[in-house]
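So that you can tell them apart, the chains are marked A, B and C in the order they are listed, and the count of residues begins at 1 in each.
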Amino acid sequence: MNYRAHDLKREDFAPLEKSQLDEVVARPSLSYWQDAWRRFKQNTRAIISMYILIALAVFTLGGPLLWTVDASKQNLNQTSQPPGLAKHALVVSAFERWVLPTDPSRPEYGDLPPEELANPEGLRAAEAPNTQSVRITWRPVAEAGGYNIYRHTRPPTSLQDLGLPLGSIETGNVHGYEDRLNLKQEDYFYSVVTTDGFDEAETYATLQLRPQLAITREHALEQGLSEDPRAGDTVTLAFYPLGTDYLGRDMLARLMEGARVSLFIGVIAPLAFVIFGVAYGGFSGYIGGTIDNILMRLADFVVALPFLLFMILFKIAFGIGPGESGVIPMLVALVLLSWPATARLVRGQVLQIREQGYIDAARLMGASNHYLIARHILPNTMGVVLVTFTFAVPMAIFAEAFLSFIGMGVAPPTPSWGSMCNEGVKTMLSHPHELILPAALISITVLAFNLFGDGLTEALDARMRGRE
Amino acid sequence: MFRYIAKRLLAGVITIWFIATATFFAMHAVPGDPLMNDRAVSDEVRRNLEARYGLDKPLGEQYIIFISNMLRGDFGISFTQQNRRVNDIIREHFPVSAILGILAIIIAALGGILWGALTALYRNRLPDILIMLLVILGISVPGFVFAATGQLALVHVNAIFGVKVLPVAGWGTFSHMLMPALVLGLGTMALLTRLMRTSMIDVMGEDYIRTAHAKGLSKQRIFLRHQLRNAILPVVTVLGPQISAITTGGFVVEYVFAIPGLGRYFVQAVQQLDYTVIMGTTVFYGAFLVLMVILVDILYGFIDPRVRVSA
Amino acid sequence: MTDSILSVRDLAVEFDTFGGVVKAVRNVSFDLTAGQTLAIVGESGCGKSVTVQSLMGLIPMPPGRITHGRALFKDQDLLSIGARGIRGHHMGMIFQDPMTSLNPTMRIGDQIAETLVVHKQYSRKHAQDEAVSLLARTHIPEPGRRANQYPFEFSGGMLQRAMIAQALACEPAILIADEPTTALDVTIQAQILELMQTLQQDNGMSIILITHDLAVVARMADQVAVMYAGEIVETGSVEDIFYQPAHPYNQGLQQAMTSNQQPDRVLSPIPGSPPDLFSPPKGCGYCKRCPHAMSVCAEHPPYLTAVDASSHQSRCWLHHELAPVHNNPVRRP
């Protein structure tokens, strides 16, 4: 009874003017979509995913305007380059056969058994090594019948470690070797083992070399790297910020072109089958009765078909003629197999909405069928349809990637992210960037669409309305 | 219940028949003819080959032969390996795919239920946030990337330890199966985790869980006897479609890990346009998947009393 | 009071929500007499369910929080952590919607038996037999067969009987019934109420009945607490509440209710809606709807004042000695 302590006066007990207490309803009234957008904006992950999607659209549509490199142009001088800055290369003159150094004073075939043969001495590079050719020479070994030459990227530890030879020389008086096999600017260990013509000696000599990046005059001229290249000049090679693939094609340009193919299939196919599904399901649900029953049996039937199996089947049946990319058959197959889910969903929604009180109310007021569908039924299914669409996109992108990965997707040379992964997986161990880059793009795109879809679901969920 | 099963089986048979028919006509709609890819053959050899594969008969007759052979379980002879019957290919290689698939689905289901329940219990706390981050990644990364990454990881792990921790490719022992089954199950596991989490959270808000608390039951008992079972039900319903996803996902994993499963043969056949093998394996796979979906639905009926008793 | 079996003092419960902290229950105190029925009445959202849920430890924490108070049952504070053994054993509870309050994938018999297994360490067999006899006591026909069925095979009324059987399994001293008949048909309502009364007489237990249905209160209750905006605004015997309403809110309720005595009286609804509990008003929560509001009501919260010599109390400034006597509905000269 602590309030007795208050010095309450008689005036405090005067009747209260009601108007003093009238409150204003402060919450502004928002439309369904305004409210959804407000809630979407509060979802950080959804907003981030939206920016990623915008960035992807810019990359796909605006990218080729800024980066005008031809995606199909091959540069066999620079195959499977990892991402990096532009490289400089030495200009060398056109290749001329190297006459291998021979000591005519020695016999071609010696007589010593292999275990008594000496190690080749004085192993050295005959010329400054570059990526066009590496020329090594050594002092001929007495009584040798030949030499085996090995190349490794790390120093060999024993004779057993050498493995298969890079090449062999079958006469004992030739004491040089020229290597032109797929040379890179990295450390090589050349090992030479003396043979009696067939069997190897028990020792080996090793030389460490690092060839300099080089390009021939002709190639430099052809690629327009310099006006008048001379041997010994240094030129800057074509710039590949994301590296090149196994045919020396620019990865960045290919990723952009692949994005156009993958996203075209990923967006257009869902758009087409969602629209078809809405029309089909809406019609079926609104008509009802026997027709509805028949239409839904058909949908159930298509759903029961194994999806990817039939995609493959369709692809085979459509066939791909020469010069075709195979994008359209894939699109058609996707639409033919994917519409039932949307149709079922929309039908369910329509059936539900049809029974709502406000539809009866509108009908009582004389609304026509067209008006009911356009004004009440369709707008109320839009939320679900939009969410279905966002989740259908990752599905379509996955389907394209899967088919292209097993070689059933778009036909080369058209790049898609899936087919680039297919090519990349073959060189995965030595050049991982050819797999990682397209795979990462697929993952980021699908991730963004998934998060976007989650955000949309939450924002459009009517149950959440007014809960805060 | 019997009526229900019979109805489902009948619908399944119709679906399988459609798959067979669609496969047959899809194969015959291909531009050119199956023997076109072969080296130039003399007319006589060609006629012999056509007679051997029954290609000289009218389409209708070929179809009837195809279906009746199919009913007898005879899928014909391979085009590219001309002394192998398709039946033998399936018999020899399907068990490999099946073991891989079963292992993958077990990993996916157990993992999905475990992680899903865990994230729901730790909702909005660190374990939940971490696992859900991985899950969203798992849903967004295509299966073949998992396969390639798994293999790459094995190569590096083996190199680091200097011994063969797990084989990088091939088939034969249990250690060969582990990594392929794991990468095959990952996508499904992520999906199931997410589903299980939502389902768990829904169940935790149900009135009967409040009742269980009011009965003074311990948290563990409520979790095990009331939440888990009810939360697993929706997870079981997607198992059918997920078996389908794992089966087709197996094509890629078998290809990457060089596993002699039927999936790899199927992909090979598709690339080489080996018509009889494509037709045989498509129908086989189609029938298998349709049956699996029906089986899972029936299984669901046994788990959920509402379906079991009323059906 | 010596025969009080449950004594709740100054209970306060808050919830964290997106919009801020909701003070759902504020300074609620009451006593439950052994063998009697206490009805807590009030409109939706007034905090009556939260009050009993906090006694049963059913407030989800977070977002809920019991900020203050004690609830003594046999010298043990129900609000302390160690009280789980009491729930379901010495206190049973039934809920508003029997359709969703039973586990859909568990047999009815198992759900009832579970309580006995946990609290009384019965064997499964023994507990099952006991469950069947409990179903029989709640007048469920063919209890042996019914015990093996699942909730979806029961009707709503049957399910509520099963709920009661489950709540009474361990012969609790207190049964809390949270709107037990709201979701049921009128005829079934009467059956359930009758069942509760019979069982109360048999077991000698106390009942806390949560309801917004004054007819149910009149039929069942011995004591009544009227709640409004998270507070008890009036409490007293059932006769006090119905025949001598002291708080303007309770008076309003009586005006809004049909009556056998005055069948021709025009019913008058209470205008307006309860205050927003995000920011409870500074003064009396009923001030804005009260036809007798005074300046003090808007500024200072009123306190419970004894209306007469009995247990009848009311939380209103009109009982204050300074309040005008003229046209004062609560102060009898």
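Details
Here, a residue touches a chain if its C-beta (ideal position, glycine included) is under 8 Å from a C-beta of that chain, and two chains touch if they have at least 3 such contacts.
Everything numeric in this text was worked out from a predicted model, so none of it was measured.
A count of C-beta contacts for the chain pairs A-C and B-C puts B-C on top.
Relative to the whole-protein C-alpha centroid, the nearest chain centroid is that of B.
Note: the chain lying farthest from chain B is C, by mean C-alpha position. Chain A and chain B, compared by their mean Cα positions, are separated by 24 Å. Each chain gets a centre from the mean of its Cα atoms; for chain A and chain C, those two points are 62 Å apart.
Distance between chain centres (mean CA atoms), chain B to chain C: 54 Å. If you check the complex, the residues on chain A that touch chain C are 1-3, 6, 8-16, 18, 20-21, 23, 467-468. Those residues of chain B that touch chain A in the shared complex are 11-12, 14-15, 18-19, 22-23, 25-27, 29-32, 136-137, 139-145, 148, 151-152, 155, 244, 247-248, 251-252, 255-256, 267, 270-271, 273, 278, 282, 285-286, 289-290, 293.
Within the complex, the chain A residues that touch chain B are 300-301, 304-310, 312-314, 316-317, 319, 321, 394, 398, 401-402, 405-408, 418, 421, 425, 428-429, 432, 435, 439, 442-444, 446-447, 450-451. Residue ranges of chain C in contact with chain A, taken from their complex: 17-19, 287-288, 292-303, 317, 320, 322-324.
In the complex of the two chains, the chain C residues touching chain B come out as 56-58, 84-89, 92-93, 95, 97, 100-106, 114-115, 118-119, 150, 152-153, 163, 166-167.
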